[in-house]
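A, B, C, D and E are the chain letters, set down in written order, and residue numbers restart from 1 in every chain.
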Amino acid sequence: MKGITKWRTYGILGVLLLLLFLVPQVVSNIYYLHIINLGGIYTLITIGLNLLSGYTGQVSMGQAGYFAVGTYVSSLLMMNLKFPFWAALLVAVVAAAICGLIIGIPAMKLSGPYLVLATVGFGEIVRLVLLNWTPVTKGAAGLTGIPLPEFMGMRISSEKDFFYLIFIVLLLGTYVAQRLAKSKIGRTFTAIREDELAAEAMGVPVNLYKISAFVISAVYAGVAGALFGSFAGVASPDNFTFDESVAFLSMSVIGGNRSIVGAVIGAFVLTFLSEALRVFQALRLVIYGGILIFTVIYMPKGLYGLVEQGQNWFSRQFLAGKKDYSS
Amino acid sequence: MTEVTNILEVRGVSKRFGGLQALDDITIGVKPQTVHGIIGPNGAGKTTLFNVITGLIQPDQGGLYLEGRRIDSLKPYQLVPRGVARTFQNIRLFKEMSVIENVLIGQHVHTPTPIFSIMINGKKSRYWEEVALQEAMDALRFVGLETKADEQVKNLSYGQQRLVEFARALAAKPKLILLDEPAAGMNPTEKANLLRLVSLLQEKGYTIVLIEHDMKLVMNICETISVLDHGKKIAEGRPEHIRKHPDVISAYLGKGDLVHAGS
Amino acid sequence: MLVVEGIKASYGHTEVLHGVSFTAEEGKITTLIGANGAGKTTTLNCIAGVIKPQEGRILWKGQDITTLKPSQIVRMGISLIPEGRHVFPQMTVAENLEMGAYTRKDKEGVRRDLEWVLELFPVLKTRYKQLAGTMSGGEQQMLAVGRSLMANPELMLMDEPSMGLAPIIVQEVFKVIHQIKEMGKTILLVEQNATMALNHAHHAYVIELGKIVLSGSGRELLQNPEVEKAYLGL
Amino acid sequence: MQYFLNGLPIGAIYALVALSYSLIYAASGVLNWSQGDMVMLGAYLGFTLFQLLNLGFTPALFISMAFVACVGVLVQYFILRPLRERKAPPINVVIATLGVAIITRNIALVIWGPDAQIFSSPVSAKPITLGALSITPQDILIVTVGIGLMLVLQYFLKKTREGKALRAVAQDRYGAILMGIDTQRSDGVAFAASAALGAAAGILVAPIFFVTFNMGAGIGLKGFVAAVIGGLGYIPGAIAGGFFLGIVEAIAGGKISSGYRDAITFALLILVLWLKPSGLFLRKTRQKV
Amino acid sequence: MFRYHKKIAVILMLALLLGSMLGTVGCGQKSVQKVLKIGVVGPESGGGAQLGQGQRKAIQMAVDEINANKGAGEWKLEVFFEDDEGNPTKSASATNKLLQQSQANVIIGAIHSSATLADMVVTSRAGIPQITAGSTGASITEQNNKWIFRTAVNDEFQANALVKYAKEVLGIKKMATFTAADDYGQSGAKLLAAAAQKYGVELVATPTYNNGDKDFKPQLLTIKEKGAQGIFMWGLYTEAALIAKQAQQLDVKAQLFGASGMAALKLIELGGDAVQGLILTQTFLPDSTDEKVKEFVQKYKSKYNENPIPHAAQAYDTVYIIAEAVKKANSNKPDALRDALTKTAGLKLVTGEPKFNEKGDDIGKRLLITTIKGDKFELVKAVMTNE
């Protein structure tokens, strides 16, 4: 049973990889590739957010803050100190993690609307600092001419190059998140969400885990930020508004915030949706809002709920009740 | 006569909530490898006492000692590695998780968390996950729920949920298990099973403290019973002694005409 | 007369009432005793309309009230005094009593009942302008009873009125229950304090795990060794 | 002292918005992110009635309050009621109200266009000078009407049947159900009252701020901050929080740094939450309504 | 009921996604006639919606006129609009869409400088000329990007003209800047400070505000305390009107100055008597006696029943510049278009006689120093930017 599962997992992974590498060959339209790449970057943020809000139950409406820290730190290091991309990315992630730690400490005492507001506050503080700390951040004009990443002598410059870069990182990120989620750590996060007190009484150092969740989500947003800086080539505080944080949270909830796959679905569907709705012109945001409301009412588990139902249906049809016991 | 050192000592513990004296100078000693019952009417302070023992509530006065060492400044999660685990009166399971996952949380402190190995699904992570799974399954097997391992706990019956909580506490490998109304909501067969499990544990060397309303059960399995009423300990002793104690009868059956002194 | 016929109810997937049937006669005290988790509170919530039973029906004076909303049930003269009192802590005693009469339109009657309730509970009169949350448990229990009386109910459902109260106060509470019965109200009392409840009840039912297992007059059950055994494990 | 005076009118506005948050939160535990857009809607309706249809200020105020109250009821009935019935997690409720905000904002954009609209004040904006201090009759109007509305709300909550029922539901939902109070109805009342307060804030703020379709986001967030500083769900706290925030902003903007003003506000907020998670003005015993 | 709703939702979403993608793939491939496709990016919702929608209206009008009058020779102009909500990320996506789906040959936009900069990454990678009619941020033409042109006003010149006028005509010795904390305001602040130094005016205070702020009293009080005789604002008209009003309320006596960003009749409407006498530079006066301007304003008014904002005039001119370029180049190839654009000359348009310098800035703009009197701007002095 175990062995079969393992091989099946590898098989699925292999097929996925193959499909991914075929994508830029099939989708030659740069516009679509651009949207797919953007979706990939947003997915990273949403995965982190799901670990934080979906698994651990700490709702954050300030992810744009970590995202901004990732972008600015890595871009500034590359621009001013000529750091290579990977080194800049690493430092940016550490910086974002420190921010996660800083906001995680007051957050461990908070819940519900109070926690939400604290995270909103964090996001706004970051944005205002970027806006006003002109000597370093160039203020509202933002950063221009952010260098392209270089990787073993290869220069990542076209949308296609970025596709591979982003999707290798995304694949890694998804894998690690999936491991975390399915491991003791994810289990402990879930236990804290379900009953903090009971978890503490069973020996779980709840505060440590709550702060860790903040740090992990910040790391994901930091990686996404570093990728974004090079991908967009420019960055300004306008990229990291409260509305962006709201969009990330929407992706997380619409996709299904209690699974990693949900994050992937949510980020891509909403990224595509907001582009697709362009046909409706002035009414498109009205429709977008309507879809959000409709989904949270009638699909409380998000789109992933549908996937689950499909899986159940599939296993009922073909596996005749056999269940996979290894989690 | 050799004095057995108590595994748990509650010395003169008091706790006040606003205007309510929830615990009033309680002193209780629990001998190792015994089943110790705590009874009393609703609102007598039994659960508060459990909360104080497990570190969820800080006492206003008094001290708590586990195997002679003072524990009353410790946080709940620090008590588990020292061998204290509990269940809750109104079942506090992790509802959106499966049975085995619930029990695995009980096992939390006994396996390391190799974070980097987890991230890459390394050998170490898989090894410890396997160990944890085996131990959790042992605990589930002990309570007879191994076939329900992958059920969602919310789909289990009330009695089964109590057993899951019991297994979760066992998975923490405690020396001292505190059970808060373990039989509430169980049918007679389930109760009999619980009774059997508790005596089995006692034989294995565990110490059990339980709060229970089912007198038959309490009288059957406890060596010592402490009776609380309005935050005070009004009696303590062997079951047959408690059964005849006039204060106990009046407090418990609420014979209004027997208003005793001191209340 | 209140007739409960084979009601079944669940929380989520767990059924807690497996077909409970009993009756409560008008102008009498009927009691439902049983251990924690036996389904006493659920039964009362079903009668008050807060929980909808999946099966069975509830009749009050011959009328089917099973599917009515709580507010309609209050208007039919049924009032539940909940376990844990549930008074409005940030409202004064006066306001709490006023909320009790929320469904009533007869101002004159409300005024009369208010006078009468304050007479019945002198302590409420002295605390009239005090916030309910600042009162002791016993006083809050009195308030909960008084508030319920303000609805001018014919049937009063009481959920563990003695819980967490000192014995002397418990006695007080039962005295009041008796007085209320004397006014011609029907009382359905749920209690863990078995002896006390049985002493005062005309008719009693023992509920165990969502089923009625014993019934009889209060005196009968009081002398029934089964009951004592269930409670003291003798 | 001048900073203090300057903070008063904006503080009154914040207090009204904070009240509208607290009212809904207390009554039904919902954090309504569309509150700011009710403010915007009120301002636009006030503009339409007062400026375009030449109704008097008072009728414009009341008609738009009534209209926005209806919108509030609709939002409650069609969006929050189903969410409650399905026991949706709070995060879903947050997204739903954010959705309402997006919709309201963009419908306003379609109806009233992107231009800022002017709403000429019914009273003069010429300052009255008292020694070194100056205040405009307009500011006095805002503060007076604002405080007046707070008093009306207080009267409603303390003296009327509906208001008392609302408080009862807020303090003990189960207890209230047993009293025969229709909680569905009281939820509706809470949304209506809170939307009406928002609308009033919108009309009051319009003569000094202009009316734009996206004015709701900023003012809504500030109102929320004020509500939390005061202790979410606690009515006197919301009022105190509003004035407190208005004055802090005036001082932070003037004395420290105007660019960082909001950053200072939020940093202060996080500090308050850290030290006193239930708000600055909430007493130890849980106070509601 | 539940399942039913779900199904509908899923079908709806899929339909939306597929429909819109397929719909856009199909169109815009064949070009039998000589067609120049213009893509326009701008904020039609979100914070700068008034600018984006004004730009859209003017461009649509210009395109209709040119097509009707054969203003671009045998070339027919086709225009596509995308909304960027003022968000750089969305702006870049929108530009990508215009280039890929609509096959635009030239891009007009965006208005927010941050968005324009993000779009420039896309256009320069693709090698497509981009003309911004709204972004004034200094960094835009400092990128060594040969694909970018700007028909918005040159801020440096405005700052110099204003300070010079203040010093020489009004005799102001102490001044304060009061600028928006966005790229527009920040570059304005920098340029004003430089101009103050150049003309020997003491700069006593430099407060800023965030866009969307409503309360400017604290900053105004600071300025008042420092005794500035002139307040130089650099921002949009909504905030400027509020500042003027609040300055009046606080009895601040200093002369107010402003730049073209706030030059709209709406400023007078919103500011009322508080903005009377405010001096500001602009490129466009709706009631100017200039024939070109008169004609434009009249056409705009009759079409949209409102006064054009200066952004609209710039956007309108931009289309004419493009039409001229395509006529001259007789090609919609990017390189040819770009070359033709750099050689723009001899056009007499609403806001001046456009001519691009090597950075891509339009140095042929007419700059007007105006003052507000009653409900109108009055011309005080006109200067050419290339003087």
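The rule is short, and it goes like this: contacts are C-beta pairs under 8 Å (C-beta built on N, C-alpha and C of every residue); 3 or more make two chains touch, one makes a residue touch a chain.
Small disclaimer: the values here were computed from a predicted structure and weren't measured.
Steps from chain D to chain E, minimised over paths through touching chains, total 1.
Shared contact partners of chain B and chain E, listed by label: A. The minimum number of touch steps linking chain C to chain E comes to 2. By number of C-beta pairs in contact, A-E leads over the other of B-C and A-E.
If you average the Cα atoms of chain A and of chain B, the two centres end up 41 Å apart. Chain B and chain D have centres, each the mean of its CA atoms, that are 48 Å apart.
With each centre defined as the average position of its C-alpha atoms, the distance from chain A to chain D rounds to 33 Å. Shown for chain D are the residues that touch two or more other chains, namely 106, 109, 259, 262.
Within chain A, residues 128, 131-132, 282, 285 each touch two or more of the remaining chains. Contact annotation for chain pairs lists A-B, A-D, A-E, B-C, C-D, D-E, with touch applied as defined. The residues of chain E lying in touch with chain D in their complex are 44-47, 49-50, 52-53, 181, 207-210, 212, 214-215, 217-219, 221-222, 237-238, 241-242, 245, 248-251, 266, 269-270, 272, 274. Chain D makes touch with chain C in their complex at residues 161, 164-165, 167-168, 171-172, 174-182, 285-289.
The part of chain C that touches chain D in the complex is made up of residues 48, 50, 69-71, 73-75, 79-80, 82, 86-91, 95, 98-100, 102-103, 133, 147-148, 151. Of all residues in chain A, those touching chain E in their complex are 29-32, 34-35, 38, 128, 131-132, 134, 138-142, 144-145, 157-158, 232-239, 241, 243-244, 269, 272-279, 281-282, 284-285, 291, 294-295, 298-299, 306. Across the complex, chain E meets chain A through its residues 2, 5-6, 9-10, 12-13, 16-17, 19-21, 23-25, 44-45, 82-83, 86-90, 92-94, 96-97, 99-101, 112-115, 117-118, 120-121, 125-126, 137-139, 143, 181-187, 208, 210.
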